[in-house]
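Going by the order they are written in, the chains are A, B, C and D; count residues from 1 in each one.
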Amino acid sequence: MWQLFIVIGICIAGFQAIESKRLSHSALWLALTSALTSWLMYLLGAVEAAVIELSVGAGVVTILLVFAINIVGDQKDESKPLVPKYLAMFIILTALVMLGSMLIPIQQADFLTVTSTSVFAKSMWEERILDTMLQIVLLFASVLGVLSLMEDRSNEKKDQSS
Amino acid sequence: MTLTFPDLVLIAVMALFGIGLYALLTIRNLIRIIVALQVLVKGVILLIILAGYLTNQIGMAQSMALTVIVADTIVAVLGMALAVQIMRKKKSLDTSDIAELKR
Amino acid sequence: MTADFAFKSLLLLPVIAFPFIYLIGRASVRLSTRNTGTQRNPAKWIALFVMLLLVMPLVIVVKQFTAQGPFSTFIGSIELKMDGVGILMSIVVVLMSLAVVLFSDHYMSHEVGEEKYYALLVCMTGMVMGMVTSTDLFNLWVWFEAMAITPYILVAFYHDRAPALEAGVKYLFQSAAGTMLVLFGIILVFMHTGSLCLGGSCAIEIPKEPALVVAGLLFITGFGVKAALVPMHTWLPDAHSQAPSGVSAILSGVVIEAALIAMIRALDMISPVFTNAGTFLIILSVGNIILGNLLALRQTQVKRMLAFSSISHMGYIVLGIGITMSYGLINGAQGSFFHIVTHALMKGLSFMIVGALMHAYGNSKGDAHAPLEISDLNGVASRFPGLAFALSIGLLSLAGIPPLAGFMSKWQIFVAGFETGNPAMIGVVIFAALNSVLSLAYYAPLINRMYRQKPTPYLAKAGRIAFSMNMVFFALGILIIVVGVMPGTWNWLTNPAAQIIQKAFWGG
Amino acid sequence: MDAIFSYLVSSTIGLPWLGSLVLVILARANEKTQHWIAFLFSLLSTICAISLISFNGPAAVIFPGGGVFGDISLMADGLGIMLSVIATGIGCISILFSTAYMKGEKQLSRYYSLMLFFIGAMVGLVLSSNLFYTFVFWEITAVCSYALISFYNDDPKAVRGGMKAFIITQLGGVGLLVGSLILYGTLHTLHIPTIMLKLTNIPPGVLSLAGFGFLIAAVAKSAQVPLHTWLPDAMEAPTPISALIHAATMVNAGVYLLARFYPAFYTVPGWKDAIIMIGAITAILSAIMAATAYDLKRVLAYSTISQLAYMVYAVGVGDIFASQFHLLSHALFKALLFLAAGAVIHSIGTRDMRLMGGLGRKMPFVRSMFIIGALGLAGIPFFNGFWSKDAILAAGFSHGPMWAYLIMLITTGITAYYTTRCVWMVFLGEPRTEIHPHPVSPVMKASLFILSIGTLTSWGMGGRLAEFFEHSLPFHHFHPLSIAERFAEVFTFPMTYGTLLVIATGMVVYLYIKRVRGVVHDFRGIIQFAENGLGFDALNAVVSQVTIYTAEALRYTQTGVLNWNIFGMLLGMIAMLGLIEMGGL
């Protein structure tokens, strides 16, 4: 059960990611969480997705986060939670216990009759091509979004012809 | 009671989920909220792969995981763009400072 | 044009067109400012053209549907199915987007980033149509996510205004958390059934797992955030009041309803296990109706008040769907779908007129985006009689005054409640009807103010209302009256849609 | 024949609505044109309504509708035709009166178009034989009433009065909605004659829910206790509106509904008793309030409530004809009183009776007209009020409980008292303040004159009306009496003289009490209480305050903080999880 250590590692890294007061530390812990997650994914047989998770989740997102932190300035967030800590803890634990009691233990599935292919590329480019196409839409929409959000609107009055 | 590997992964998923939601409740800094959301996303992606593993459809699961990774990176990017603008406007990233619209 | 091709082009046209709207608009702005010094932006014309072009495949699809019933198309191995619900939502979204594009012609002209506005609007239209036709649970989520991305940006469109940014932030983060819950539920379903097919399109055995019940709850919670069900509604008043008015209209009139449709589709899949979904929806609807009304009662900004009223109207829609889900009576869902149509019309009309007034006051207040306070409505009728009349129609219809459209759909929902014969259900319906009365307490004063004789100081210097805007208001106002006077004429649209729900939860 | 009939029925509703549309379009036309267009359309619809009388027996017009909404069907029977003649006729006279009264007002087109819209809706309400469309028209009349009460909407009192009327009548509307829905839920039809035929198929529980739903609707619309508080506040409306909507037509809709559905519900246990109780309590309480009010229009409003209570009471004791007969009389004399009061208010510019007095010498014509109306209201023999009120009291004596009869009898005394008081304070005695009335215009005089003729003669139609009812309303039972028979019955019935004695006492008491200030002083507390609406207004205020307070308190749930928003979301999820876990669902 050596995988247990990965799980514990994920928990610690995830916890640190949200507990570190300094923004840049948060981002780094998140990268570690992501890396450990991708290891677990690899162990589950999702080779390609693990690579993508490693590059996008641990790589791109961290870079973007660091970039954003650079713009807003790396600060130490010492604010006290608005929702009382124990109330939040209570709510989350209640939810987890309730969910967990209905989810664990899980059975090994007996769906071996499912005919669906287990090849990633075929699934992505042929069967679920619509999802892939929608990713492109999402990408373009978000590009528009970032452009729109970053645009300088101060010249609005200047351009008005009326 | 022995824990199987899928059970372990599920525990990791639940832990990531719990941590993420807890953070969403208690964290006030927008950038850290994005981090919290990402933690949540890690949990979900792991669950997708686990489901693929259990149902013997790992290819489809990977394809789905890829979509989720892309979609949530995009959400994170938009969140960062908004946070940057908020910082410019309000000189703060604290959720209590951006709570003018209320009641 | 074959129906299959028409269906595909209905979905793909907006997706293909929206980058071009942006690119051509951007290029034209660049070139025209450099060459002539004046800005020329054809984005709105392309958007209008695309919307008009969409009408053609829509008509063919509707014809095919009325002739032969639901039909499918495949992209990859994912089936997209145009059924009653899909037709209804497609018609509503195309109608509303067309109205909004026309309305925005003047409202958004010379705004910075106009081309992005139109591109995103067109994109959203396509995403809504895709989402309501998807028959794959995960694909549904992808459409849903894509549909959700655009409003985040549009809500924060005036990002030089702090409140708009704030609304965008809340909308984005709360929705993102909600979508994660939805995804969690979807994966649970996938894990336990090994399949993602919706709507009985492939025969799969649904095991009696408690995990699927959890998935159902996650669907209600997660989609409920987008559909603004109490207590997940808190983002809505901010987002809908801060967005550009055209966007508010389409968000209130289409997007939250589309999220509800997504929720129902998802619940449909696990209906054999999660049999109490209808009860949960009815309970939530009661919360929506009362909270939306009470919170709207003391608002001072018109758009915010209308946003709260959207929450209570979502309550009515959910109530009808819940009745059909729990009791199998077709009138419930039929009334709800009817209410989706009428709510889109009247809420769209109200939001857009308020937007037009804000725009007109822009001259005198010096800020075209300053929120319209209730007192700003004083004496509007003396300057804009037609506008005041149209807004009165919209508001009275929202309040459920016969013979306007809003009442007819409410009536149908109430009929279903009484047909159950269940005393608790009858109690809920009486409660909903009493709330309809309560809602008058905030709609009626607005109308009163418009007909006052002492106008606000801003009114005299207010700009004029463009012809294109008036045209939209006229069309929507007439539609509200016509739908109200001839309520039976919409059965051909609402009945097949309601049958889908009935069949899904009661097996025909 | 059928074609002519259907054209007539449709145009009785359609003409006023067309006129309303024309006036909206001609909003900027000159004032005179607007006055006369309004009058023309109301006159035409009156002619249509009157010619409906010549059609024998019930006939129906049906426009196909569909589904849960039923067909739009109009059915002109005795009840419907009588009420539509009242609605169009008094509407026409009120509009005629308005041409002088509203001279020089702004936004006339809004005034007239709403008034015409109201007339059309009122006719539709009484002619519709589909419960759904009855409800639709019911609500339209409420909207028009609301809009016209707050016609002077720069005046916060008018706005408040309008809102109050709207919300209370809408509350009643919920009763009608529930009643109709539950009937539809059981019978799957909304067609009133079909419902009447299938009554035996309805389970008793459903029938009583429907019956009491309709009763609540009637109580709210006809301003009965405890939902009467809107009517006095509705007096902020221009006076012709008060005459038309709040005296002669809309407030009768509740009585009409009860009368229409009497055959369906009279078997429901407790239904008739509840009606009798509401009628008796309302009659005496509102008469007391009328006796203490100082605002001329409020006195008339309270007296309207009290007279409506007579009609309600008559339905309760099972005499539909007496109820409708009184409705006709009341519509005429109360419209006359209101319009005469309008002429007074228009010419001296105040409604406070304490500032009036001795006006009779300055405006003798108005005085005579007002006194004719007052005599009708007080029930003095040979004015129409006497005959109808007497019919109600006779029915109450022989079919109703004694306590209720006694209350109604006492109320006739109080009615006589406040009528005398009102006439005295306004027209007789010495002037209390310097008042220089403007002359009353001939148009006003003409409209008053028409109504006074009606007040003097309408009782002669009683026999014809009963016959008409008998052969056009298959589900009710009437005993038509000719004039001679009625004459004989009334004057051989001993209690008639008792009633007259009580009326005379009421009048004398006022004239005597004026001299004995001390007696008045002893009852100061009670009078004060009555002036304040016997606490019902305070009750309303409490309800609205509680609602507003709750709304304000709930606004704190909208914190605007992202973390709390997500907290709410999770709370919702956990609540639902909890429900599942506990197995409650």
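The rule is simple: contacts are C-beta pairs under 8 Å (C-beta built on N, C-alpha and C of every residue); 3 or more make two chains touch, one makes a residue touch a chain.
On a predicted model such as this, the values are computed, not experimentally measured, just so you know.
Engineer: Treat each pair of touching chains as one step and give the shortest count from subunit A to subunit D.
Structural biologist: The distance in steps between these two chains is 1.
Engineer: Count the touching C-beta pairs: is A-B or A-C ahead?
Structural biologist: Looking at contacts between chains, A-B has the larger number.
Engineer: Using Cα averages as centroids, what's the distance between subunit A and subunit B in whole Å?
Structural biologist: Those two chain centres are 4 Å apart.
Engineer: What whole-number Å value describes the gap between the mean CA coordinates of subunit B and subunit C?
Structural biologist: A distance of 27 Å separates the two centres.
Engineer: Subunit C to subunit D: how many Å between their CA centres?
Structural biologist: 41
Engineer: Could you say which residues in subunit C touch two or more other chains, in rising order?
Structural biologist: 138, 142, 145-146, 149, 152-153, 156, 159-160, 169-170, 173, 177, 188, 191, 194, 213-214, 237-238
Engineer: Residues of subunit D that contact two or more other chains, please.
Structural biologist: Residues 555, 558-564, 566-567, 570-571, 573, 577 of subunit D touch two or more partner chains.
Engineer: Can you pull out the residues of subunit A that are in contact with at least two other chains?
Structural biologist: Those would be 81-83, 88, 91-92, 95, 99, 103, 106, 109, 111, 114, 127-128, 131, 134-135, 138, 142, 145, 149.
Engineer: Specify the contact topology among the chains shown, as one of line, ring, star, complete or other.
Structural biologist: complete
Engineer: Looking at the complex, which residues from subunit A come into contact with subunit D?
Structural biologist: Those residues of subunit A that touch subunit D are 81-83, 88, 91-92, 94-95, 98-99, 101.
Engineer: Where on subunit B is subunit C touching in the complex?
Structural biologist: That would be residues 17, 20-21, 24, 30, 33, 37, 40-41, 44, 47-48, 50-51, 54-55, 57, 61, 64, 67-68, 71-72, 74-75, 78-79, 82-83, 85-86, 89-90, 98-101 of subunit B.
Engineer: Which part of subunit D faces subunit B closely enough to touch in the complex?
Structural biologist: It is residues 555-556, 558-563, 566-567, 570 of subunit D that touch subunit B.
Engineer: Residues of subunit C touching subunit B in their complex?
Structural biologist: Contact set of subunit C toward subunit B: 138, 142, 145-146, 149, 152-153, 156, 159-160, 162-163, 165-170, 172-173, 176-177, 180, 183-184, 187-188, 190-191, 194, 237-238, 241-242.
Engineer: Taking the touch rule as given, give the residues of subunit B at its contact with subunit D in the complex, in rising order.
Structural biologist: Where subunit B meets subunit D, its residues are 21, 24-28, 33, 95-96, 98-103.
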